[in-house]
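Below is a structure I'd like to ask you about.
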Amino acid sequence: MTSYLESSARMRVNALLDANTFTEFLPPSKRVTSPHLAVLNTPVSFDDGVVIGEGKLRGKSVMIASQEGAFMGGAVGEVHGAKLVGLLKRAAQDRAYAVLLLLETGGVRLHEANAGLIAVSEVMRALLDSRAAGIPVVVLIGGSNGCFGGMGIVARCANAIVMSEEGRLAMSGPEVIETANGVEEFDSRDRALVWRTTGGKHRYLQGDCDKVVSDDINAFRNAAVDAIETCYKVQISLTLSALLDEQQMLEQRISQFGTETEPLNIWARLGVPDPAAVSMMEAESFMQMATTATRPTRSAS
Amino acid sequence: MNWQALTAELFPQGHTITERELFLSGTGTVDGKIVTVIGTTGHAAIGVEIALAQAKSVLHTVQHFPARPIVILVDTQGQRLRFRDEMLGINSYMAHLGKSLDLARRLGHRIIGLVYDQALSGGFITSGLMADACYALPDATIRVMGLPAMARITKVPEAMLTALAETNPVFAPGAENYLRMGGIEAIWEHDLATNLARAIDGAGDADRRAESGLARGGRMMTKRVIETILGATAADSHVCTT
Amino acid sequence: METLNFRFENGCRNIGPQAQLAGVVSSGNLEILIESTALNGACEVVVNTSAAGFGVTWRAVVTDFNLRWQLRDARLAINDMGATPAVVSLRLDQAAESVTQPPAKSEASV
Amino acid sequence: MTTPSRIWNTLQINRNQRLDRVRATLGTAISGKIVQAEQTCDLLHQVLDCGDRVCLEGNNQKQADFLSAALATLDPKRINNLHMLQSVLALPEHLDVFERGIASRLDFSFSGPQAARLAKLVSAGKINIGAIHTYLELFARYFVDLTPRVALIVAEAADRHGNLYTGPNTEDTPAIVEATAFKSGIVIVQVNKILDTLPRIDIPGDWVDYVILAPKPHYIEPLFTRDPAQISEIQVLMAMMAIKGIYAEYEVQRLNHGIGFDTAAIELLLPTYAASLGLKGKICKHWALNPHPALIPAIEAGFIESVHSFGSELGMEAYIRARPDIFFVGHDGSMRSNRALCQAAGHYACDMFIGSTLQIDLQGNSSTATLGRIAGFGGAPNMGADARGRRHASPAWLKAGQQARKGKNVIPRGQKLVVQIVETFREHMQPAFVDKLDAWELAEQANMAIPPVMIYGDDVTHILTEEGVANLLMCNTDEEREQAIRGVAGYTPVGMARDQRAVENLRDRGIILRAEDLGIDKRMATRDLLAAKNMKDLVRASGGLYAPPKQFRNW
């Protein structure tokens, strides 16, 4: 077992794909680094914090991107964003079997905020282009920095999301909310609360994530394979009916749970027998338990 | 400019736009043709409800009015910074809005964004930035974050950021900077109705912002990086042989 | 940012043709890109560091690295964010190991 | 011959006067010993006299926070010039009493989070520091010349008779109450609960005068929880060298650890690396140590036979309750800690102390003092000092003593192993090895009689860094000792100024040991050696009994 959480972006790619099949685009030796950091006295990274390329997953050609959470929190700058856009376009161009996005990011890189913001929207457009071209996009989230900001939106534009319980998916980080509206609004130091609000298990029970796996790269690999196969069986591109279903699911979420203030209550109302016990469950038993809950089924949105 | 004055100028041929809890919706007439209008006002914080309401209008248009253009009027302080929104999965609501706009585009609806007051970070990504083309009024504020907060988070001295902001479009707030980087198609100085009509006519479904950013000298890397990847051969990339 | 350049002549150990990367750029850490390139038998090290004023320490750390490995026609490019000498030495050794023997299965080529 | 008859019970008389004042003022607001929380300030105004020595309970874990807040709001016109006695200054209120003129004199041991503000108040003349002590030293003085007149203490629960249950965080309470109650002082306690029947009695009710039900449970800091996720591969390497080069070498069975990540790494390597060296049952059997969560895997692996603790650790309650053979627990099942006794245990009954520090000089003196901060010592100096009064032998103690005395014409005796484990640079490239400790300048700034040294060089037996182990016991001269220290000081200026030949010579004699000299392959030093890599692994290892505080979770 190799911990996904503890692995670097580069190790994740190599361990996730079939052995020795990865070919990197714009590798570190090309030194395509951010032109905006030097003036701010900030070190660059030779891959600008994202590893992209192609390789095989169970013998099928896939495109893969992996954000390095340790470099600037995985934040998206101009080059970083352009690499993601380029990869998604390349997937359509080469008719890849699927795109895997290993996201670990705080969102827009503030050092190059305008470029980053535009880049995130370009990534979103390119991702949806890929889907429109019939190429499924699967997002994996299991790094210690989670997937936040605009990239949290991007993740939910993908066909499927696989998370570990250590992974987090949200928009504004708890620290940002605490700073804006006080510790009573969101105590960012209460990490148990942070995780049950943004972590993999909550997102799964809520219907925003398709599978929770243990913190093991191989578990992510298997889940990614399954997720891609499911996409091909159901629907890859956006459809009106799927989005109408999603509209309904999201409306229902607000009407059912909009007045709740504690995720545990939501879990209870979803039919989880012992919500307090959920946090300690291992991924497999959690997934088994969750089959008894009345979790909203995700449309192919 | 308040939304009433704005829409009066944008739609001299009339509109049915109303405001409900900072959410704007209705239709307007452009060159004799009906367009769907959605948007926000009062520097609305985009929470789950407002994101969903906008998506609903978009999907309604797609469902019932094929090819009817959609105009997004942007005035937002960004996503709502509340525990409840995060617990409910606000990113899913934002994504839903983004996907709805994307579907509309693919089904032949032209989508125009207009930042008439302010556009901040998360509130902008799935509105104006998901349009075919986004425009701004000259006084519009567009930014991810103000410089003082940026200085705190990046630990770069504020004075340094302020000095760099004079010449560097990459992080400093301002519609002009977004124009240079390709995020804004143009700034509408006057004659909004004509500009809007022209924008709808000229809109296309390809994302051309990387090209604009390069042509205008604001984002020099994006297009080149994308093109290198698209053209990447074994010479540019690196085949792992081990 | 401060840039430091070091060059050591007359190395004796050849390295593999594949460029390799060790480490990541994060607080107290660094990345090292190691590449084979014709340098007349020398080993070159270029350091870009956010922690200015430690040239003497870098020289000592890199000199010891060269004594340990004696790499030939090798260029190491370093992006540093205030890593301690212990971390720098560890990453240097990892980088050198990755090009002087078959890399373990999870190591990456770049 | 008429000698004026001396009154021999002034303290008792004075105590009764104070109790009378309270009765007169508070009247029916007191029921038995129980005082309403709203009356706390009135109570303190009546109980206290100006100039009293007041012991305010609080240490690096539990805090009499309600009472200290109340004390800080007293009227300085009525109550002033108090002489505060405190194990730890941790809360802002602890210094507010000086800023507001309620107190003026201070004897203490440790000031952690308030160290910078304390330094400012001292230089502003608002605080007159008597002395900075070690815990045991301060407790000792409570029974000699610093006996409290009033003690403001904290417990988990009381009953109507004033009996107290401290829960697992008994800590300093017995020492403070004993000194106060038996010298006619007054003991006031804040409790979280008032119960009809206590789980057990830690302090008898007749030692306690007033009980206050605090509006909020007292604060406890989870100070000894180290998230294994933050342990670096360098720390793993150092832990390997510690285990192989020191623990195995001396067969250290009885010991105390510091609280840093360096020692947490050692704890987490016991069931893996140490076990692979066949050391189970040979080392680390008996501990004077708080219940570190990082100990769980070693306990579960059967490495550890007993642990006595200074205090408890949040989240470990259920685990401790389920392992009564290992920990000291009451008949109720919950742990009983005792700082004074555990400090004595650590000093006299342990063969080794190993801990981290901030600065080490060329004599091996180590200090955590930094400029602009008066931080104090806590318990480390008692742990990290040879017990000169020790008379019982053990293999580790004897071996250290033999090494220290080899070739000298002195009577045989043993010595405690005192190990400083540090990376040569701390974060932000601060060197751990220096020519002169900051403590000297701090002493000058704060007018101290002596520089605040945590562990004196002549007590330090080993220094361990990522570069290797220096065995100072075997150095014959001061010059050798200095080179041994330089020889593990890495790329710090102190390390780079080494005499390379002397260092290699020390290496030949086994005084300096590098990883390779110990047969340790540095490439093995990865986080994979840790028996738990994150907090959840610790929970798993405990069979779900350990419940980490919420700030340590990522699930």
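When the chains are written out, they are named A, B, C and D in that same order, and each has its own residue count from 1.
Following the convention adopted for this analysis, a residue touches a chain if its C-beta (ideal position, glycine included) is under 8 Å from a C-beta of that chain, and two chains touch if they have at least 3 such contacts.
Nothing here was measured: the structure is a model prediction, and the numbers come from that model.
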- request: Mind having a look at which chain is the central one, using mean CA positions?
  value: A
- request: Name whichever of A-B and A-C has more C-beta pairs touching across its two chains.
  value: A-B
Interchain centroid distance [CA atoms averaged], chain A/chain C, Å: 33
- line: Between the Cα centroids of chain A and chain B the separation in whole angstrom comes to 23
Statement: chain C to chain D, mean C-alpha position gap in Å, rounds to 42
Message: What's the distance between the Cα centroids of chain B and chain D, rounded to whole Å?
response: 57
Query: Out of chain D, which residues touch more than one other chain, so two or more?
result: none
- prompt: Could you say which residues in chain C touch two or more other chains, in rising order?
  reply: 19, 108-110
Task: Mind pulling the residue numbers of chain A that touch at least two other chains?
output: 22, 24, 27, 29, 41-42
Message: Using the touch definition from the top, list the residues of chain C that touch chain A in their complex.
response: 1, 19, 21, 24-26, 29, 31, 33, 35, 48-50, 77, 79-81, 105-110
Of all residues in chain A, those that touch chain C in their complex: 2, 7-11, 13-15, 19, 22, 24, 27-29, 31, 38, 41-47, 51, 68, 70-71
Message: Per the contact definition, I'd like the list of chain D residues that touch chain C in the complex.
response: 232-234, 423-429, 466-467, 490-491, 496, 522-523
Sites on chain D touched by chain A in the complex: 229, 527, 533-534, 539, 544, 550-555
Message: Using the touch definition from the top, list the residues of chain B that touch chain A in their complex.
response: 48-49, 52, 55-56, 59, 62-63, 79, 81-96, 98-100, 102-103, 106-107, 121-122, 124-126, 129-130, 142-145, 150, 153-154, 156, 160-161, 164, 168-172, 177-178, 181-183, 207, 209-210, 213, 219-223, 225-230, 232, 234, 236-242
